[in-house]
Every structure is written in C-alpha cells, then in structure tokens.
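Input: a single structure, listed below in structure tokens.
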Amino acid sequence: MIDKTVVTLTEAVAHIKDGDTVFIAGFGDAGNPTELVHALIDQGAKDLTLVNNNSGNGFVGLAALLNTGRVRKMICSYPRSSHSVVFEELYHAGKIELETIPQGTLAERIRAAGAGIAGFYTPTSAGTPLAEGKEIRHFDGRDHVLERPLAADVALIKAETADRWGNLTYRLAARNFGPIMCMAAKCTIVQTRKLVPLGDIPPEQVVTPSIFVDRVVEVPHPMSERNAILNGEHYP
Amino acid sequence: MIDKTVVTLTEAVAHIKDGDTVFIAGFGDAGNPTELVHALIDQGAKDLTLVNNNSGNGFVGLAALLNTGRVRKMICSYPRSSHSVVFEELYHAGKIELETIPQGTLAERIRAAGAGIAGFYTPTSAGTPLAEGKEIRHFDGRDHVLERPLAADVALIKAETADRWGNLTYRLAARNFGPIMCMAAKCTIVQTRKLVPLGDIPPEQVVTPSIFVDRVVEVPHPMSERNAILNGEHYP
Amino acid sequence: MTDGLTREQVAWRIAQDMVDGSFVNLGIGQPELVANFLPEDREIIFHSENGILGMGPEPAPGEEDEELINAGKKPITLLPGGAIFHHADSFAMIRGGHIDACVLGAFQVAENGDLANWSTGGSGMVPAVGGAMDLAVGAKRVLVMTDHCTKTGEPKLVEKCSYPLTGTGVVNTVYTDLAVIDVTREGFLVRERVDSLSFEELQNRTGARLTLANDWRPLTAF
Amino acid sequence: MTDGLTREQVAWRIAQDMVDGSFVNLGIGQPELVANFLPEDREIIFHSENGILGMGPEPAPGEEDEELINAGKKPITLLPGGAIFHHADSFAMIRGGHIDACVLGAFQVAENGDLANWSTGGSGMVPAVGGAMDLAVGAKRVLVMTDHCTKTGEPKLVEKCSYPLTGTGVVNTVYTDLAVIDVTREGFLVRERVDSLSFEELQNRTGARLTLANDWRPLTAF
C-alpha cells in the first residue's frame, strides 16, 4: 500500500543532508512551509543552498534558517524587503552567496528541471547584467538567453489538502511556487492543513498529482509568519 | 464590459483566414471541438495547417475537414488509426504534407509558444530520424535536440464550463491538449457545454484562465464522434 | 513638485489610457495607484505575478487573508471571474505576450526605450530584480510611471541609461508629473505636457532630445 | 510458440517485477495486459499519456465514458486518488524522469539498449510515433515486452537495429516468450530462460551474443 504520510515533522525532514539544495515554497505570507523549515533548523543539516523567491523576513521560517549560519547560498529573485534583516546582514558580512534570477526565469528554470528540459531560451534579462556570462542567441528578431534547469535535493511545500498518495491542493495565493517545486526536487516534503482520504480530492481539482510528492505531514494549524514577525518572535 | 461569448458557431469561426494554422484540441473521443470544426468546414477557409495529436477518424470532425481538400499540412504525433482513412488516402496520394512530432515534444513546443520560450533542449528523439536536420547538443551526459515553439493563428477548443471572461474547466480526459493550445494561439475559440455566470467557477478550479481565451460559444449537446463514426456518418 | 501633477494625478492619467477588457499588471509601489482611478465604464482584469488574475480592491479592515496577497505582498480581494495559477503559468502569461499592458516605475528611461528600474548598481546594494525583467520583455505595452526628475533634479529621461538595464528597447510610453511621452524610432515624442512649463523648460529637465508632437495636448488631470 | 510463454504469461512475468508504490506507464497494445496480472499486495499507479494518473480497470459494459479514455483511446476508470492534467504536464512527468517504469513493445532491441518500435521504415508507411520516444528517454526503467522472434523467425534482439530508432541506449530489460534479458554494458545478459530450450537454442534464435547470468533461473509463469 502506498502511504506517504509521516506522523512527525522530525521524521519528515530526517533525511536532509549537509550540502543539499532545498526549495522552500511560499511568496509573501502565502504558502510558507514554516513548520517544516523549523524542523529543518532543529535537524541541523548545514552547508545548504536555499531557493525561494525572497530571502526571508524577521526571525522565523526561512530567515531563522539563514540565521543559524548553515546556509551557504541563497538563490532568489528579490532578496530584499522591509524585514529581510538577517539576509542583508549575512550578505554584507560576506557570509552568504547570492544568485539573483529574474522571477519568471527562476520559475521556468525550476519547471524545466521537473519537466526534463535541459535548457531553454528566454528573452528575459537579455542585454542586462543578469545575462552576463550566459549564452545569447538571436531568435525571431530579438536576443534570448540560454537558461539551464534548476533542480533541488529537497522541496519543502505547504498544501491545503493532501491524501496518502500525495495528491495536493493549495489555498488561493499559497499555490505560487509549490506545484513547480514539487516537480523538480528529488524528495518533496509537504506539510498540509488537512490530510484527507484517498478520493476526497476530485481528480479534476488535483493541482499537484501524487507522482511529484514523497512525504506528507499534517500540520492543522500552521503559524502565521506575519504575526510572528509583527510580534518580534525568534525561532528557535 | 468584457463579454467573449458569441451566439452562433458561424460567428465564432467567421474570421479564420486562408492559410491559417489551426490547433484542434482533443485526443481520441475526448475533447474534440467537433461543432467548431464543422463550422469551419461551412466557413470555407482553405490552405490550412492543422495541429492535433492524430489525423482524424471516419468522416466527421477533423477527418471531414481534411476531406474537403482545404488542408495543406497536418502536424501531429500519430497520424494513423483504425479509422484514419481520409488522411491516409490524402497522404498516399501526395495531397497533404505531414510533420510527425513525438507527442511530448508536440505538447512542449505548443506550451513554449504560449510561454514566450524561443527554444528548448529535449532528449526526446535524439539519435532518431525525427531529429534529422535539427541542432543536437550535449547536456548532462546525453544528447538533446533543439526544438522551436509551435504557435497557431487559431485554436479550436472544447470545454465543460466557461464564463464571459473566458475562464474554462474541462471534463476528465477531455482536458488533454486544451490548456496548452489556448495559451499558444492568436485567437482561441471555445465551445463549451455550459456557459456559467462569472464567479461560478471557483478561482482555484479554473484550468484555463481567461487571459488565454478570445471567444466562447455554448454547445450544450455536442455530438459523439465515436457514435458518428460507428454509424458511418459524413459531414456535411 | 509644484510645477506638475501629483502622483495620484499621474496614476489617474495612466488609468484613462487603460483599454476596456484588457489584462494589466501594475508594478509594485506607485503604479498600484492606477487601480484607484479606473473609469467606471471599463472592466480591466488585473494580473499579479504570484499567480492571480482578477484582483479586486483592497479588503475591508479585518477582512484580510494572508493567503490572498498580491506581488507587493499586500492583502487583496478576488473579483468574480478571478483565477489562481502557479508561478510558471503566471510568467508564461507575462513572457508569452498575453499581458496587454504593464505599468512600471523607473530610475531611468533612454530614448531608445531602454529601461533601468531595478538597481542603481551601487556596490553596497543587494541585487534584487523580482519580476521586472519579465514584465519589461513580455508585456505588449510597457508604460512607465515616474517623476520627471530625481529628488535632486537629475533627469530620468536620458540618452543612454547609466544604471544597470532591466530591458532593452522595451518602453512604449512614459507618464511623468510633467508630460506624457512616447518612445518612438525617432526618440522621445511629447504627446502631452503641463501648461505650467514651456517646452524649453521641459526640455531643460530632460536628458535627451524631445520632439513635440504636432497634435500635442495639455496634460491635465482630475 | 509452443516453446515458450503465451503473451498473457509474459505479461504476468512482467507484472511480478512491478515495484509496490511505483508509477508505471503501459504502452498501447500487448503491454496493457500487464495490468491484469498485478500481485494483489501491490499498489501501482498507472499513468496514461493523455493526462491521467491512477487508471483503474476497464469499465463494466454500459459504464463507458467517452471522456475517460487511455492513450490507446479505450475506455478506462479512475481509482480514488486519480488525477487529471494537461498534455504538457503529462509529458513533463515522462521526460522529467518521474515514471518509475514503462513497458513498451519492440520491433528490435539492440545489445547496447537501442530500441526500434515505431516504424519499419517502409516507404509506404505513414510515420507515426506517438509518445514512444518520450517514454523511451524519460522512464526510469524501460521494459520491453516482445516475442523473441518475428512471425517469420527473424530475431528481434540484435547487434544493431536496422529499423529507425525510437531511442538510443534506453532499454533496461527485455521480456520475451523465451527469456528475461537485461541490457548491460557487456550486452545481453540472460536472467531467466524457459526450460524447453537449451541456452544454445536460445542463442540461435537471437541476433546478438547472449551471456547467461551466473544466477540465472528458469523462466516460469502462472
């Protein structure tokens, strides 16, 4: 029988290794797998490369993981916000590498990794500093940049509902990078608000099909990163 | 006010021009926009290039359009089936061009056109006759083929529900090529079983968002191509 | 700027050019103001990079939902007809040429349409680009909303951008507090300008040659 | 073939090698038989190219739904947990290496793993490939189900394919009516063979050199 559910967050992240590349889904306050990230902090893996659209806020979730000093490199499109103090300090102190990628290229590189595409040509960033060192090629009257897939060892994902096969739905804008990150990680770990019986998600409403998911843990009442940041909370 | 609905099939296909490339969604008996194809036959545009996974069955729908002699070229992955008599006759008589594309490459080329990707490298078909004349490049230890986007002037699509903005859902396996063809055509024309009020499709259940759709016509009781073929029906 | 329009007035002016039924992406910050000034007879579908079509107005206080936010990470609402999709699909819409117009801010716009709006290139800055480069190359019309000059009086419309580029040859029209200016093959073409300045005074505040359109009109707002 | 297994027996043999919990694509035609012989203790999720995961058995007569069909265009059912997606996502699963195993038919398999199964190259044939090339390069394990020889007695396991290729170096294991043969760096390795033939007789019916595995076993079926 297929049962991808695990009972504890600890178990869910147990196998993450030093040196792994980790996708962390979420955009703004929507779709952050905060409990999984905190479990990863407790687990202790180091020398990590993280991929997220941003670079964390306050001192919880992704920012708290950065704050442990166990992240070697951050890959994102926008590593700056009103609350991204941890990243900015590490960056200015030269303690973390940064790869800035246009948001659409970031998304497409992740999808390419999941879809078995070894490279693609995009007009985005042609003629800008972010295309430096990349192959440029002219198609259809304009310059395009060759971009390579971006895969990860692990994806940490927040879903709304999940079943034991690993089918997922997401709530509203919490979808964001979730579906494509699930596609492109060797091991996709999901925290879900609701674990539902197989068949409860209508087949036409499945957003991430089971094939892209490896582990599911139920977290019925995930924390609000926004409230935690407003309250000045630190993890751990 | 945005209202993409049109009342008649005639109106829906009125602007299709001689020489157009036309996507026709559908796979097997699922998702064929048969009524739109028949309206296109009545409309009379010629010198068409058609894109579908197959090449039509019996003497209705796509096969009936081929049978008018107005199709210059067929692009598909599998132009052969137990009922594809019209295409086979035209092909053997040298009256139609054929481009055979692996099914996944066909789907990805269509998506690329919709997504603004000017080219992509796929391992599919490397080392086979279908890669002849194409650029081959080595990535990650294996050969890849450079494939270019495949766009169309018009897409003919069958949906289950649609609203006046053009949001769509599809029923079961009738989804197949629909969502990606909607993305990659200059004008996407949809026949839908049900036209529903704006807001009736929950935002998380929209499969094709409104931005990819241009015209919607309600066809509450679409014909069964399977029954028509079994009954030996011809259109017109 | 006593010489020109307020930001709200510039937003109003841009809103008047939004075509009924079009799909529009408003950049984070000032461009978001445009949504407040849409003529009532126009139905515009707003796109947000984080996977949303059909954004509605800000929610009433207390009605915010942390999982319904826009690209600027602010709470929003969804109109009937709204749709949710993932990031790759969202940028397929942008890069694939499906967005009719976007409104972006700018550090500089060059007379050939080059846009610089993501970095001043300072060595101390963290390089952060977000979705700006995708919007710049992908939207059918790229509209720029900006002050005509920087706070220190430097022109933002220039012959050649000195800041790192966001995109090359991408800008269609610039809306400033002083003028509405199309980017044409012959460079900056002034379509509208405020009455309070002469054309020469406008030219003096601009870092590239301006041409006044034959059918130019006074730039006015609500 | 009185010397070997029936098609149903070969399908049964392949079914025994399906790993519990794996995602499997069965090619159109003979490979579809494999689904009928799965051991009851294994939960396998079947994928169909036309956007389906979780295919169940054939519907009862009268229960068919024209909009619920498989890649072979035959009516199917969906199991609880099944999912529907579009063609690009479906082939992302295939090409992206997410399918644990596929079972394909073959005209020829070469000792280096080359597969020819889509065209005999005849000038009168309409070239039709479907999803075979994607499955050949994308599935983690490519299993071939085939008669050991053609109806006219020609070997289908060969040194080099003479028919147009489907993929190069892609086949992992070949299941025939006479043997189960792995494709290794050293060529064809016989893991199992029917008792009714000697190894020499098997070699005589094969167009490339066979090696008998040290731990080879008799090929038997239900």
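In order of appearance the chains are A, B, C and D, and numbering begins at 1 in each one.
By definition in this document, contacts are C-beta pairs under 8 Å (C-beta built on N, C-alpha and C of every residue); 3 or more make two chains touch, one makes a residue touch a chain.
Remember, it's a predicted structure, so these values are computed and weren't measured experimentally.
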Lowest number of touching-chain links that must be crossed from chain C to chain D: 2
Contacts common to chain B and chain D (chain labels): A
Euclidean distance of C-alpha centroids - chain A vs chain B, Å: 34
Chain centre separation in whole Å, for chain C relative to chain A (CA means): 29
Sequence positions of chain D contacting 2 or more other chains: 78, 84-85, 88, 91, 94-95, 137-138
Overlap residues in chain A, where contacts from two or more other chains coincide: 108, 111, 115-117, 122-123, 170-172, 175, 203-204, 207
Interchain contacts, given as pairs of chains that touch: A-B, A-C, A-D, B-C, B-D
Touching residues (chain side chain A, partner chain C) in the complex: 27-31, 53, 77-81, 87-88, 91-92, 98, 100-105, 107-108, 110-111, 122-130, 143, 170-180, 207, 224, 226
Interfacial residue positions of chain B with respect to chain C in the complex: 1-2, 111, 113-117, 163-165, 167, 183-184, 197-199, 201, 203-204, 206, 209-212
Contacting residues of chain C [partner chain A, same complex]: 48-52, 65-69, 73, 78, 84-88, 90-91, 94-95, 114, 119, 124, 126-134, 137-138, 164-168
Of chain B, residues touching chain A in the complex: 108, 112, 115-123, 137, 139-140, 144, 148, 169-172, 175, 203-205, 207
Complex interface listing, chain D residues touching chain A: 20-21, 23, 43, 45, 47, 53-54, 78-85, 88-89, 91-99, 137-138
